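A short write-up of the structure that comes next.
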Amino acid sequence: MSKIDKTTTPAAAAGLVKEGSAVMVGGFGVPGTPFILLDALLEQKTANLTLIKNEANEAGMGISRVIEAGFCRKLVTSHLGLNSKVIGMMNDGQIEVRFHPQGILAEKIRAGGAGLAGILTDIGIDTIISEGKTRVDVNGVTVMVEEALHADVALIHAAKADRMGNLVYEKTARNFNPLMATAAETVIAEVEEIVETGSISPDAIHTPGAFVDHIVEIENLTEEYGVLQSHVIQE
Amino acid sequence: MSYKNKIAKRAAAEIMPGQVINLGIGLPTLAMGYLPSDMPVMIHSENGILGMGRACRNGTEDRNLIDAGGGYPEIVTGASFFDSAASFAIIRGGRLDAAFLGTLEVSMTGDLANWIIPGKFSPGIGGGMELAQKARRLIITTTHTTRKGEPKILKECTLPLTASACVDRIITELAVMDVTDSGLVLKEVASESSVEEVVRKTGAPLMVPDENSMPSF
Amino acid sequence: MSKIDKTTTPAAAAGLVKEGSAVMVGGFGVPGTPFILLDALLEQKTANLTLIKNEANEAGMGISRVIEAGFCRKLVTSHLGLNSKVIGMMNDGQIEVRFHPQGILAEKIRAGGAGLAGILTDIGIDTIISEGKTRVDVNGVTVMVEEALHADVALIHAAKADRMGNLVYEKTARNFNPLMATAAETVIAEVEEIVETGSISPDAIHTPGAFVDHIVEIENLTEEYGVLQSHVIQE
Amino acid sequence: MSYKNKIAKRAAAEIMPGQVINLGIGLPTLAMGYLPSDMPVMIHSENGILGMGRACRNGTEDRNLIDAGGGYPEIVTGASFFDSAASFAIIRGGRLDAAFLGTLEVSMTGDLANWIIPGKFSPGIGGGMELAQKARRLIITTTHTTRKGEPKILKECTLPLTASACVDRIITELAVMDVTDSGLVLKEVASESSVEEVVRKTGAPLMVPDENSMPSF
């Protein structure tokens, strides 16, 4: 069984993202953002991307660099509160942005991964985000259709993988990563450590290897992965 | 005490032992400081924490452990981590005893508008709509008026809503008010303020049960 | 924080199930079935129950005993292939049975727990189970509404809990338990071991304590929890 | 070799290294015995296993570890356990390279009917509909005829469907047949049988590419 080995290089992995691809990117802030994979993506200058991520990181970091470089046509996200640069690009019409409530974004991605066509929810039903959404009556209550989201590629980050692609996440670096791991045609996980298959307890695996197509080992954790000094409380 | 601390301290007093609470963005650090350190309460953070603690002491930050606002928190004994779907299942599934949110406007019927000023401010939605719509009790923590001195508490919201009829209680630096079936009711007045000032700075009819026995905070 | 202690007795826990309650019961076969809680439920003779469980265990075991004793009015389940006793009761009209595809049953329960009104799926769309279901068009594809399921009480089984209700399941005893833990007004978990709060790694917790209302420690694992000799290969 | 073993052995030959496979109920124990023990393949079981192994040796059963049929399996290195929602996300999400199911009837257009005989047999649905509808490749393993000798492979199913147009390949003790856009095609004939017997016992038109060079198994 140990013959399954999904390890590859950042460049080979990024090469699977093609012009016009829809790409899910894990992470909520710094934790769980696949910076090394995003570096490789930026380097190959793939254009016209649709990016799907909780937020756009902060200016100069993560997917913000891909957006700032002009490679993102459309961003599907929850909020940009910490990235005035991308808000500016949105306001200037340089990128199209589609906002979803954070947990609905998570459910839309999960629904895509679970082979569902969508979910039914009342979140936002009395607000402007309900405009254009299909309404359905469920037991006398009106709710809205939120369609499942899919992507061509998911770029995710995990703390640990075995060679078969079983993944374990750490603390708040989990966030959208296990959901995106299910919802893309090709799933690429960068990981901080690769361990031998069989060394992770089967009960402690967060993402089963069947969902993961390629694994990239991070050779060294660059500065981007570290504590963001701007968010540290100065005593 | 700054108005922010005043609000945070009063907000902390809403929290009961054993509850599951979301403190929104911004408020956590301040409000946590006013909770008894031995109070058994589980603080939820949208990015996947149940059992968030106070802000980290400088130098003890963990690169993998942030709160929903990007700050570096501690966690308490018994904390757990989970993904974003599970995190919002806790919210939408009704497992939050209370949530706290700031706002731009709030109406006398409990409508909330805190996410967009069309053409001026549109950073997105985040977790606010789900917190507003689904927390068992929604408490708004806000300055009583805008920076220009205009009331934030209105008969009707003028901005696009976050959720309708969702607010239970409003806590400002001047007052504590409840949204009830019969209207907005004044519950407490800040020791630095007066019923007259609160009524004057509120842009909606405010019921004052008994001016002479009004509790202060 | 250690002051939160949700431990209770089987009888007190079962007492929360009232006549006419809808009760979700974890387990897929023997693993994960809360036999001790079901014993307590049977003892108090609560009638007119709606039971929601993957299957009905096998004759003389688990919920089959509750059904055989006549306390179940309606069973919502996936299949009864190993329980000819309950199939007989269904055919005789002694209980009403509603079948769902297994993964759709899981998703309906999960949707209830996640505060969704339902999910949209094409599973069974060309079959007789589609009769009476609302159809919706999603991007040109016709799918069906599957409504979320809720219960008054969930009776589940876990390998380990801390006093705050954080749960860990073992192997295939996980199955429907973590889903049901989210979808009932009152959630009661019987556990094989109670450990001090803080002794389970926060990354290894399967069900966060916020979902769990009461914990019952199993004093001794009765015979029902053991290996079923009828399923053992005789060499 | 019994007809069951014949079918299981031929079914096992469908499995390619690196695939994710569901073997349905009943077949696993037999088919696993025909897989090379070092073949890197991940067997999925609906009750929450990826990486199921062969049946346990008597005395090594684990009370917490069963397969979807109630038997006690081993697990392979790299196996993982998960809940029922995740398990069917693997199925419906298209991560199963192939699934194997038995049947009551199967039509020449790939319709499958294997879950109910109204008024006679209605044990429920289980995971079959999802496996039938969503596995990337669906292989039916069945006796060629009923116990009464009537064909199970028909022009149209007479029983309520499990899923329509879902079957890719049919493996019986007599033949291997593919459902194609132009009809049912005979691919292999059992060494104990003949093209004539297979055609006679099949209740639908069966295309025979070249009778003289028909592969046997």
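As written, the chain order gives the labels A, B, C and D, with residue 1 at the start of each chain.
As a convention for this text, a residue touches a chain if its C-beta (ideal position, glycine included) is under 8 Å from a C-beta of that chain, and two chains touch if they have at least 3 such contacts.
What you see is a predicted model; the values in this text were computed from it and never measured.
Asker: How big is the gap, in whole Å, between where the Cα atoms of chain A centre and where those of chain D centre?
Answerer: So the centre of chain A lies 36 Å away from the centre of chain D.
Asker: Once you find the CA centre of chain C and the CA centre of chain D, what distance in Å lies between them?
Answerer: Centre-to-centre distance between chain C and chain D: 29 Å.
Asker: How far is the middle of chain B from the middle of chain D, if each middle is the mean of its Cα atoms, in Å?
Answerer: 56
Asker: At least two other chains touched by the same residue of chain B: list those residues.
Answerer: 81-82, 85, 88-89, 91-92, 134
Asker: Send over the residues of chain A in touch with two or more other chains.
Answerer: 107, 114-116, 121-122, 169-171, 174, 202-203
Asker: Sort the chain contact graph into one of these: line, ring, star, complete or other.
Answerer: Topology of the interface graph: other, matching no listed pattern.
Asker: Please list, in label order, each pair of chains that touches.
Answerer: Between chains, contact exists in these pairs: A-B, A-C, A-D, B-C, C-D.
Asker: What part of chain C is in contact with chain A in the complex they form?
Answerer: Residues of chain C touching chain A: 107, 111, 114-122, 134, 136-139, 141, 143, 145, 147, 168-171, 174, 202-204.
Asker: For the complex, give me every residue of chain B touching chain C.
Answerer: Its residues touching chain C are 17-18, 20, 38, 40, 42, 44, 50-51, 75-82, 85-86, 88-95, 134.
Asker: Any idea which chain B residues touch chain A in the complex?
Answerer: Result: residues 25, 29, 45-49, 55-58, 61-66, 68, 70-72, 81-85, 87-89, 91-92, 116, 122-130, 133-134, 160-164 of chain B touch chain A.
Asker: Which of the residues in chain A come into contact with chain D in the complex?
Answerer: The touching residues are 1-4, 112-116, 162, 164, 166, 182-183, 197-198, 202-203, 205, 208-211.
Asker: List the residues on chain C that touch chain D in their complex, please.
Answerer: So the residues of chain C touching chain D come out as 28-31, 54-55, 77-82, 87, 90-91, 97, 99-107, 110, 121-124, 126-129, 159, 169-179, 206, 225-228, 231-235.
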